[in-house]
Structure formats: C-alpha cells, structure tokens
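Chain nomenclature is as follows: A, B, C and D, assigned in order of appearance, with residue numbering initiated at 1 for each chain independently.
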Amino acid sequence: MLEKFLLTRNKTKQIMQPLLIEDYIPQAADFVSPPKWHLGHTTWFFEEFILSKFIKNYSSFHPKFGFLFNSYYNSIGARTKRGMRGLMTRPTVDEVYKYRNSIDEQIVELFHNQDKIEPIEFQEIETLLELGIHHEMQHQELFFTDLKYNFHLNPLEPIYSKDCYVEDGSNQAKAWIPIPKGNYDVGYKGRGFCFDNELGPHQVYLQEFSILNELVSNQEFIDFIEDGGYKRHELWLDEGWSIVQNLQIGLPMYWQKKDSNYYQYTLAGLRKIRSEDILTHINYFEAQAFASWKNLRLPTEFEWEVASENFAWGKRWEWTSSAYLPYPKFQKRAGSVGEYNGKFMVNQMVLRGSSIVTPKEHSRSTYRNFFHPQIAYQYNGIRLVKD
Amino acid sequence: MLEKFLLTRNKTKQIMQPLLIEDYIPQAADFVSPPKWHLGHTTWFFEEFILSKFIKNYSSFHPKFGFLFNSYYNSIGARTKRGMRGLMTRPTVDEVYKYRNSIDEQIVELFHNQDKIEPIEFQEIETLLELGIHHEMQHQELFFTDLKYNFHLNPLEPIYSKDCYVEDGSNQAKAWIPIPKGNYDVGYKGRGFCFDNELGPHQVYLQEFSILNELVSNQEFIDFIEDGGYKRHELWLDEGWSIVQNLQIGLPMYWQKKDSNYYQYTLAGLRKIRSEDILTHINYFEAQAFASWKNLRLPTEFEWEVASENFAWGKRWEWTSSAYLPYPKFQKRAGSVGEYNGKFMVNQMVLRGSSIVTPKEHSRSTYRNFFHPQIAYQYNGIRLVKD
Amino acid sequence: MLEKFLLTRNKTKQIMQPLLIEDYIPQAADFVSPPKWHLGHTTWFFEEFILSKFIKNYSSFHPKFGFLFNSYYNSIGARTKRGMRGLMTRPTVDEVYKYRNSIDEQIVELFHNQDKIEPIEFQEIETLLELGIHHEMQHQELFFTDLKYNFHLNPLEPIYSKDCYVEDGSNQAKAWIPIPKGNYDVGYKGRGFCFDNELGPHQVYLQEFSILNELVSNQEFIDFIEDGGYKRHELWLDEGWSIVQNLQIGLPMYWQKKDSNYYQYTLAGLRKIRSEDILTHINYFEAQAFASWKNLRLPTEFEWEVASENFAWGKRWEWTSSAYLPYPKFQKRAGSVGEYNGKFMVNQMVLRGSSIVTPKEHSRSTYRNFFHPQIAYQYNGIRLVKD
Amino acid sequence: MLEKFLLTRNKTKQIMQPLLIEDYIPQAADFVSPPKWHLGHTTWFFEEFILSKFIKNYSSFHPKFGFLFNSYYNSIGARTKRGMRGLMTRPTVDEVYKYRNSIDEQIVELFHNQDKIEPIEFQEIETLLELGIHHEMQHQELFFTDLKYNFHLNPLEPIYSKDCYVEDGSNQAKAWIPIPKGNYDVGYKGRGFCFDNELGPHQVYLQEFSILNELVSNQEFIDFIEDGGYKRHELWLDEGWSIVQNLQIGLPMYWQKKDSNYYQYTLAGLRKIRSEDILTHINYFEAQAFASWKNLRLPTEFEWEVASENFAWGKRWEWTSSAYLPYPKFQKRAGSVGEYNGKFMVNQMVLRGSSIVTPKEHSRSTYRNFFHPQIAYQYNGIRLVKD
C-alpha cells in the first residue's frame, strides 16, 4: 500500500515535469484548476484526513494551506472561492513541492511506526490512504484535462508534449453486440477499492438491446455537422438547443474550421483532424443529438455495465443516458469524506469506462463518473445502442 | 369528445371568473405566465394544431397571435420571449375572449361537418382534440400556481377567492406499507388518453421497501426547521445547499415567520399555518434534505407507481428520486406536438400523483410530471420511503 | 396656485383618457414606469409631503400605498423595488383614481382652511404644492415616453392616439449664430419656480463659438448611418462603442429598416420616416459620434443657455457636452425633497430645452434635465456648435 | 531623449526585480493587469508605434504579440479580451524580457542611424518616443497599484518589499488658503511634454473659495466611520449609496477591523493603521460623502490647478468634483495614439496631483488623471474646499 502511495505521488510529479513555472498558475474557468492547486490539494487530502487525525498534537505544515487547498468539504470549513484558485501567486511552486515532500515523509513515518498504532486505527488509516491514492489518480486525469483547457485559450497554442497526441484511435470493424433481456446484477461486488457510489450491488431488469463494439469516429461526427446537425432543433434536448443557439455553437470543443478543413487543439499542439480517429470532447447534448440523428440512442449505465465485457473500452468516457442518482441502500462514507460523491447526485449524467488519460489502476467497469450535461472538456466520446 | 371539449373550455373561463382585468396582465417570473397568456395559448393550440391543419385555406384569427401565443414549439416558428409575456397590453382581455369564442365555434363546426372529412383524418383530429383538452387541463392547474406566484409578491396580498383555501388536509394515522421485491410492470397500458412519456410499458426490478400512507405535515417540517434543518449542510445536495446559502433561505416558499408564528400566503389570503395540514410548496432539495434528516428517503417513480394502489393520493405532486428520462423505446409523438415532452428529458425530476388544483380527469397513476429541482411554486409535497 | 394644482391634476387624467385598463399595468424596463404607478406616485407626493405633514393626526389613505408609490426617497423608507412596479395587479386602476380624488379633495380643503394655518406654515405648503405641481408635470412627460417604450415592444404596435404624431417638425433654413467670448451670467435668477439644481446663479467665461439655429434632421442622420457611422470606432467614445458592438446597434431607437426604407414606431403607430422631420430618440453616444462625424461638437450647457435666446427651442431635449454637476454653492432643498436632484449628480449628462411632450409651463432656459448617456427613450435631439 | 528612454526602460526592470515568476502571471480583476502584461505592453507600444512604422520592411518580434499586448487600440486591431490577460502562461517571463531587450536594441539602433532619416520623420519619432516614455511611466505606477490589488486577495498577504510602506505621511498644521474670484488661465502652456487632454489652455471664471493645505488623515476618516458615515444615505450620491448597500461596505479598500483596531494591507504587508497618516484608496463616492459630512466640498479641477502653487502635493491623487470632459478646442493626437485619452471622456472623474508611486518626472499641475467614481485601488486621497 505504501509503495502504491509512493508510486502515485511520484507519478504526479512526473506528469508535471514538462511544465514551466508560469504554467502552474492560471485558472481559465471555474470548472478547471491550476496545476499548482492540484499539487497542493492532493497533498492536503492526506494531511487533513490522515495526519491531522491520527497524529497526536499534529501541527499543520502551514496554518492557511487548509483554506487554500480545501476543495468543497463544508465539514472542514472555509476555503478559497472556486474561481479564485488561479489568483494565488503564493505559495510558490517550489513551496508546494516542499509541502508535498514533507507530507509524504510524514505518511511514510506513520507507516513505519505502524506497530505503535492500534490495529483498528491502522486499518482506518489504510482505508483512507487508499482513498487518497485514488483521489490523486482522479486529479492526475484532471491535470491533463484542465491544462488542455487553460492552454487552448492561448493564441500561442502551447504544447505540453509532442508525444501527448492522445486523440488518436484506430477503429476496428463495427459490429452490433446483442444483449438478451432479463435480470442482471450491477454494482461493485469485489473486495478491492471502489467508491461509495458503486456500492449497493443490486439486480436490474433490462430490455433486449444491441450495442456497438466501437466508439463514434470523427468522420461520423463530421457527417452530422455537414448534414446540419447543429442547426436542426428537432435533434436536440431543449436545454442543449438553447446553448447551441445562444453561444452559436457549430463545432465540438477544441475544433476549428479553416477553409474546408477541420483542426483540433491537442496537448501536442494544433492538429488537422484525422477522420478515422475516435471523436472526443463531446458534451451530453451533442452525444444525444448525434444519436437522434442516427435514429439510435445512448446506453443506460446498466446496459453499459452489463455489455461492457463484450467490447474494448478505456479510450473515452462514454456518455450514458442515466442521470447520476444513488443506488439502492446507498450510504455515504462516514465523516468528511462522505462529501466525496453523494452530495453531487442531481443534475449530472453518468459516464462509464475511462479515458486515455485515466490512470490504468483507476478504471473499473462499475466506476460511475459524472458531469453536468454541458461539460465537454473531459475526453468524452459516444457509444451507440439500438433496441 | 366534443362535449368534453366544451366542458373543459368552459371550466377555464369559470376559474378566471373572479379575476379583475388588472390580474390578467403581469408575469412575475419567467417560469409563470399571465392569465391572459394562458387563455390565448390554450386557444392557439387548437387553432394551430387542428384548424390551420385540417381546414382548407384556413385564415388565422390574427396574423400575429401565433407569435404571441406559441410557447416553445421551434417547429412552428418565432415567438415572444418567455420573460416578455407580461409586457403585452394588447390584445385586450376582451379580445382574447373573442379569440376563444371564435376558435371554439370553428371547432364545433368542424365536428358538425364530420361527414365531409376522411375517417382517417377525422381520427387524427380527435386525437389532437383530446391532446388539446388535456393540454388545457394542465394550464388550468398552471393558472392557479402562476396566479399565486404573481399575487404573493404584492404587499396588498390579494385574495383570489375566500373559498380557495386548498392548503388544508386531514391526515389519518400513519402506517408503513410494505412492498416485496420483484419484477413489476410500469407505464401506461390502458386504452384511454396518456402522454407519450408514459408509454413504453415495461418491466422493472424493485428491491423490497416500505412507503408511508400519508404525506409529510406542516408540523413535521416545522420540526425540521427548528432542528436547524436549513443550517446543516450534511443534509443537503450540494446544489441545494448553494441555493440555501446564496439566497439565505430558511423557510418554504410562501411562508413567513412573525414573532414565533408561521404564516403562509394562500389564494384565500395570508393564513396562520395549521400544523396538521399537509406540507406544500416544497422543492426537491428541501424534500431530499427533509428525508435525510428523517434517515428515510424519497421513492423512485417506479416504487411510487407500484405502491400507489395502496394509498390515497392526489393532494400534492409528490417528488420522486427519479430523474425525468425516456422510457425504453420512447417515441415522441409525430409532428410539432412531439416537442411536448421529450425535449425536456434532462435536469428535471419526476413528480407523481397530482395536486389539489389538478383537474380530476387529468390524473393517472402512470402520469409523469416533471420540474427542475429548485421549483416549489407547484403544490408539491413529500412522501417517505424506507428500505 | 390651487387652480394651477387642479388644472395639472386634471391634465394627468386627460392624457390617460385614451388608455385601456390593460395599458396601465406593465413595466417593460427598470427605467420606465407603468401609467398606474405614475398616477399613484404623483398623488403620494402630495399626500406624503403635504397632508401627512401639515394635517394633525393625518390618517393615510392606505397604510401600504407609501411602500407602493415611493420612488426613491430613502428618508421616507422602504419601497417596491424599481423593477417590480409592473407586477402589482392591485390596487386596481379604479382604486388609484379614487386615491387621487381623495387626496385632491383634502388638498382643496386644506387651502379652504387656510385661515386656520400659521402664515409661515402656509407658505411652506404653497412651496411644496408648487414643487408637487412641477413634479407632476415631469411625470406627465414621463407618461408619454414610458408608454411609448412599453408599447413599442408589442408586435401589435398599439396606437395611443392617431393624433399623437409628435415626431414631425419643419426645419427652417439653417444658420450659424455667433456668440462672442466673455463672461456671462448663468443659472436661474427669477422669482418664479425653479429646481434647486438651477440655483446658484453665477458667472462663467465662454470662448467664442457659433451655434446652429436648427436641430439635426432625420436626413442628416440617415447620411451618417449610410456613411458607416455606426461602424467607425474613431467617431465614438469608448463606452458608446462597446454598446454599439455588444448590442449590434445600427439604427436609432424605435427605428426599423425594411427593404431600403426607414420606419419609426410612434405613439400614432409605425410610420415611414420623413427625412425633413427632426431627429429624435438619440442617446448621448450617438449625438457625440454624429457631431464628430460632422467635425462639429455639442454645446456645453452654458453655451446653450447663453445662446438660447437667439433660437427657437422646445421640440427636443438637446444633449449638451456637460456632465450633471452641482452649481457653485449648490444647496439641496431641506427635508426629504432634498433627494429630488442632488443625489443624482454623477455619471449623467445635462440636456437643455424641453421636448414636444413637455408641459409648456414646465420649460425654462435654465432648466437642467439629466440622463445617463445611453438613454434614448426621451424625445432627445442634437444641436451642433462650432468653434 | 535616448538616455531618458533607457533610464525609464531600466527603471521598469528595477521595480519588478523583487518579483518571483509566479507573481508575474495573475490578473485578479478586469481593471488591473499582470506584471508580465505591463512588461509586454509597454514594449509593444514602442514596437507598434515606432519600429513598425519607421523601419522599412520591419519584421515583428513575434506575429502574435500584437494580439497579446495591444490594450485598447481599435485602429490597430483584434486583441486579447481585457479580463483574459492573466490566463496566458506563454510567452514566459523570460521570453518577455528578451522581447524588451530586442525592441530596446532596435530603438537604440534607430537613433544611431538618425542621419539616414529625414529630419521631419525623425522629429515624429522623437515625439512618439517621448509619448512612449511617459506611457511607460504610467505603467510603472499601475504596476504598483495592480500588484497591490492582486496580492491583497491572497490570504498569505504577500510582501512586495518591506521598504515599500508608502502609506505614511506627516501632516503639517492645517491652514485654509483663500483664492479670490476672477478669471484664470488653465491648461498646459509650456514647451515640454504633456498629453493632448491638457491642451487648449483657456480662461475660466472662478468664484472665491478656500482650500486646505493638507490632505485628509486616517483619523479624520475613522471619525467619519465611527459617526455612522457609511450608514447615512443623506451624505451619499445615489449610485454610491447603492454600492455601499449592495456590497455592504463599511471600510475603505484594503482596510480590516479586528477587535477595535483598524489595519490596512500594504505592499510591505498588513499594518496597523496609523491615525496621523494620509488617508488613501478612497473612491469618489467616499470622498464626496466625507466632504458632505464635513459640510465642505471637493475642489473642481480648475480650482485645484489655480490653487496648487500654494500647497505641497504629490502624495495622493486628489479627487476633484469635475467630470472628465474635453477642453475647448480639444484635438485628439493624429493616428492611433489619438485613442489614448479622448475616447474615455465620459462617466469618469478628474483626479489632480500625483501619488507616492507616480514617477517624479511624470507629474505636472496641469495633468488630468481620470477614473470611474467607484475606483479606489489607486493611491487616491481627499483635499477639501470651502466657499
């Protein structure tokens, strides 16, 4: 466990290695965070939930870092407003790395003194450490998606790394996978780590359906665009149509059209769209409108979970038609970490699978990711279903 | 059918009878409409979907009424912006009543000439007339809820009618109704009228649960308030908590507290709250927080539908914990009326049952009402469930 | 004085005579008020500042009318929010007329009992009555401008009166009137009524300049439009240019262009623009840009006042290039009526003259009208000056 | 001239010397800019207005720096939106310094090749160079005020330099300076540098008045606060009162009250307020309300200019009661630099004098500084006048 902790902590530093100090600072929108904040917040998570709880008379690294690096835990207290994370010049990047190192050392020391801790308490520490590791993996993914968002507004189109062209993807031949109707078990039943929102394994009844083995490609979405997809209200949900009209949207996020060619901004720079690549950065409204245009539909999260063993997944977060709601007998985790998932169960849609920037160990067929339907800055894609 | 049409049209006039001309005009918020607009819009529905389609060379009553009275049908065209319905001094109330009469007469005439119409076409007319009748019943309910909202902002606290004290309700003894787990059929399977969103009758699997025979009373909610319910973040969904904090909410809609007494504005004037009456005008966030406080939960829409034959309902729209989503194999109605339901299937929650101001004939156990979770101006209430 | 009071009160009723009840209600923007509110507010002015002060144990007509009809007097207390004046269905129009009659009768009675009042107190009553009369005249003008604004949003283009085509005006031959440099006296020095903001008569030094005897015509402004006036940033003040860009403005308020013809909405309905008529409904930014385009400028308020005896004025409020600021030794009136003018002396521009809808007795060459520079719904026009 | 150029350019680098790279990036509000942007923009000014105009076939340092570093020159073209200056991670701080050096070298070279340039053209270059130098001095001042604003939001209260405690100021004994009425000359008449908005020297007539030799102290403003100054509507202009009410303001910018002590954030850190220091960071509304409370007033800009030779000034920008408007016969400078001053002549107030962070060579008694009345982040103060 401690090894996994150190590997994860190290990986965070590794993926930030190409950054210049300037890149650590800005926050271009409320829904993304600066790299410096991700560094500090993931560290604070271990300090707040483990060190400050299980070390007697623990003295915090800095009395104001809790205010700076708490994300949304009301039970812990006051914090920097969401949209002000990019205004903090201090602590410096260097100081935040020092903060990381200090906390890491104290966690290691805590484990080395394991024999001085009550077994039941140590078990709780392990549980929280595992949660913290998975929490940090989530932020590793957010690091990429947030950086991309921050960078794409810059007319200089900064390159994170020439090797980070992750928008590709070779599709195999398309095939429909039929799933018979019946009662199925869903939800996490294993013994490893999972989030509280996956628990409450339970039965559901599914109608018969078929699901595609492959995700939608850029070319398919270009066909939608060129068939007037963004101009045909009858394909859209009303709230999606309002956004399209008000913001005059006619292309997916990060796309540009010059002359008659399509381009997309990537972490490897601006690239001409390759038609065979897998479509990405699609919001729920676009996914749903595209499916309507095809006379098909998106899977529910349970259809996806049941069918998932029959296809390869892991390149895009796949929009489902399920709203993010509690499973039967859902229980929040006890304590402040109970604010992790449950309080967001309204007005969001479930995405299943994982994306090309999700850490491999942070991926399960029962994993329930969730975003508001207008969100496209994740590596989201579309898988289609027919009845 | 024609009789039902005339009865419904007449009832609309009847419920508006206590109004003064001044009352017909204002719109106090985007989500409510003025009585004059309801009068015009329900009439336009028959003109647009029946007369203009099935009468050859039909000449509209007024060339601009379509623009004024179209609500949200993109396939029909441009229209008054939602928030501007209360700014239109003309047409006068009198002219709108003339409009109603004229359209009614032409509908009657159309039916009297039934023998000159192809049977298949006449069947379509009947289907649309029935839809229009149910549409008008919906607006009869909205008339009450919208008027209440418009009136309550007036410091003079206008009275619609002394007899319209509908907030009452005598609770019988509370009892838990147990429902066994298993597969159940849900959705409308009858031969009468229903909306497209109720179709696609299908099987669902339900866990075992128990549901209360009675709705939450004012006294129970006062207990919640006085136990600090509006001040305990851990009871709330995050988006609900933000609203409570930003708007400094501490009481349900239409409630006031003077000295240590609670009052509520009703269409019969301001009244002291009676503790035994059924709680009303609760939004989803409040309903969910209240259930959390009780360590109970709201039913899903399918739990509600399956259990509903075991209890009396019809006094409040009852919040369910289900998001408003399409049923399996959902098909929008063909044509413009397809915009009626399907395009709203995101970011809203389902309410079941019906309320004290819902026309009796407009009530079914499969009926799926839907509102955004922050909406409280309907006669909404809370029914609780335990696992 | 009493006769003048009754004449003025009567005139208000007269100009509202063409209205239907529906017309009395809506408020289409924060900066305009409904006719019913104007009726009530002008009445409240006499009740609040005279009756409630000079009648012992005065019992107000209605305990909540103060809340409803106070405009902006902080020293008097809480009031309806500015933008909610159009949401009040009650008091009815009829009740407001009764309110007027009751207050008028009490004012008359107060004057008939003049001999029972201390002379010094009676003098104060007369002063306030005169202020109230002029206040009501201001609202008579606002009645027209506000009604026009409310009506123009209605696609039915309501007509207040066929005879109310006040946009006309035959220009005489243009001529430049030269004014020599030197010290001049400005400000009100007479013995009649004037507002506090005109007092502090004082000397100013003016440079030599010439001013046109005539106002700018529609044709001249059409020339500006067709020369790209709305598209040339260099003609505009920065804040004006932002508005033009953000709201995509290319025509004056109330104008439309169909095919290649210009139309304007008037209180007599939609009319084709007559090129020889005097331009109206121009905001300060437009006036300033137009003057720049002509290589001329607007007069200062003192240039206007000094030159005004040499030309005819009274058809349009004429924008000056002077900000609305206090005169030397400016003193607010004592008491609540001190809130009438002084507190608005920032961010507004002075207009001089008066307009075609200003009551004749409410017009002086020293009168200082003031509006924010983006305001065009008054009957504003442009007079040009050269050095 | 070239020497002055190099001195000025060098001083900019000097004052930024205490910064860390992180400090160069954020922009905490639309009205302030990041240090990196100030560095780039002042450099771009010389590149755009001199190098690109007077060097044949000039090839710009970077094709997109014009877009990044243009502030508000419409005649030059598209640019980064005002509020997005803090989102640009690139160019790096280092690259911007390289940009500075490159442009500086080219300016020096241009001057060394003076003999190859037409004298009339060289004169124009000198004029623009001088404008650029003064432009850079303005940005040196803005550097301090903007940095202070960015820093003060940080709960760590960063210190720019312990030596930068510029809020102090020892008042001498107060004395009234009487100025007789009469005609006076105002405006810049010298032969040195001045801005276009100071030109048009002209006569004005002033009433008799007296002006204080000293600025208002912290103690005097504390007396205002403790006498309820922020709670007495009658002291305030209406727009100021709205701000005070809506934002619940009760202290000047950068002030805090802990227990019963007042503190202020300074570039040398948080300090206890010293009562004898000169008040600073006051907006126009506060200045005007304070003067009202004293039964005194602010000077007009001409009163200030005429009286200024009789008192010491230069510690605070002093609010005048004059709106920022063109002088008689005002002419914008030709070309794009004409956008420098003239287009802002509406809705702003004139400040005279200069502040403790204004470069000494950038200070004249005829200098007209201007800000919107709600702006307090400059080192603004109050000087009082009586009639």
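Structure notes:
The definition used in the following text is that a residue touches a chain if its C-beta (ideal position, glycine included) is under 8 Å from a C-beta of that chain, and two chains touch if they have at least 3 such contacts.
Since the structure is predicted, the reported quantities are computational estimates derived from the model, not experimental observations.
Comparing mean CA positions across the assembly, the chain most remote from chain D is B. Of all residue numbers seen at the chain C-chain D contact, over half occur in both copies; the interface is built from largely matching residues. The contact pattern of B-C recurs in A-D, the pair among A-B, A-D or C-D where over half of the contact pairs coincide by residue number.
Each chain gets a centre from the mean of its Cα atoms; for chain A and chain C, those two points are 58 Å apart. If you average the Cα atoms of chain A and of chain B, the two centres end up 37 Å apart. Counting partners per residue, chain C has no residue that reaches two or more other chains. Interchain contacts close the chains into one ring where each touches exactly two others, per the touch definition above. Pairs of chains meeting the touch criterion are A-B, A-D, B-C, C-D. Within the complex formed with chain B, the chain C residues making contact are 20-26, 28, 64, 67-68, 80, 84, 86-93, 150-151, 153-156, 158. For chain B in complex with chain A, the residues that touch the partner chain are 72, 74-75, 183, 202-205, 207, 233-234, 236-241, 284-285, 288, 321-323, 325-326, 328-329, 338-339, 343-347, 349, 373, 387.
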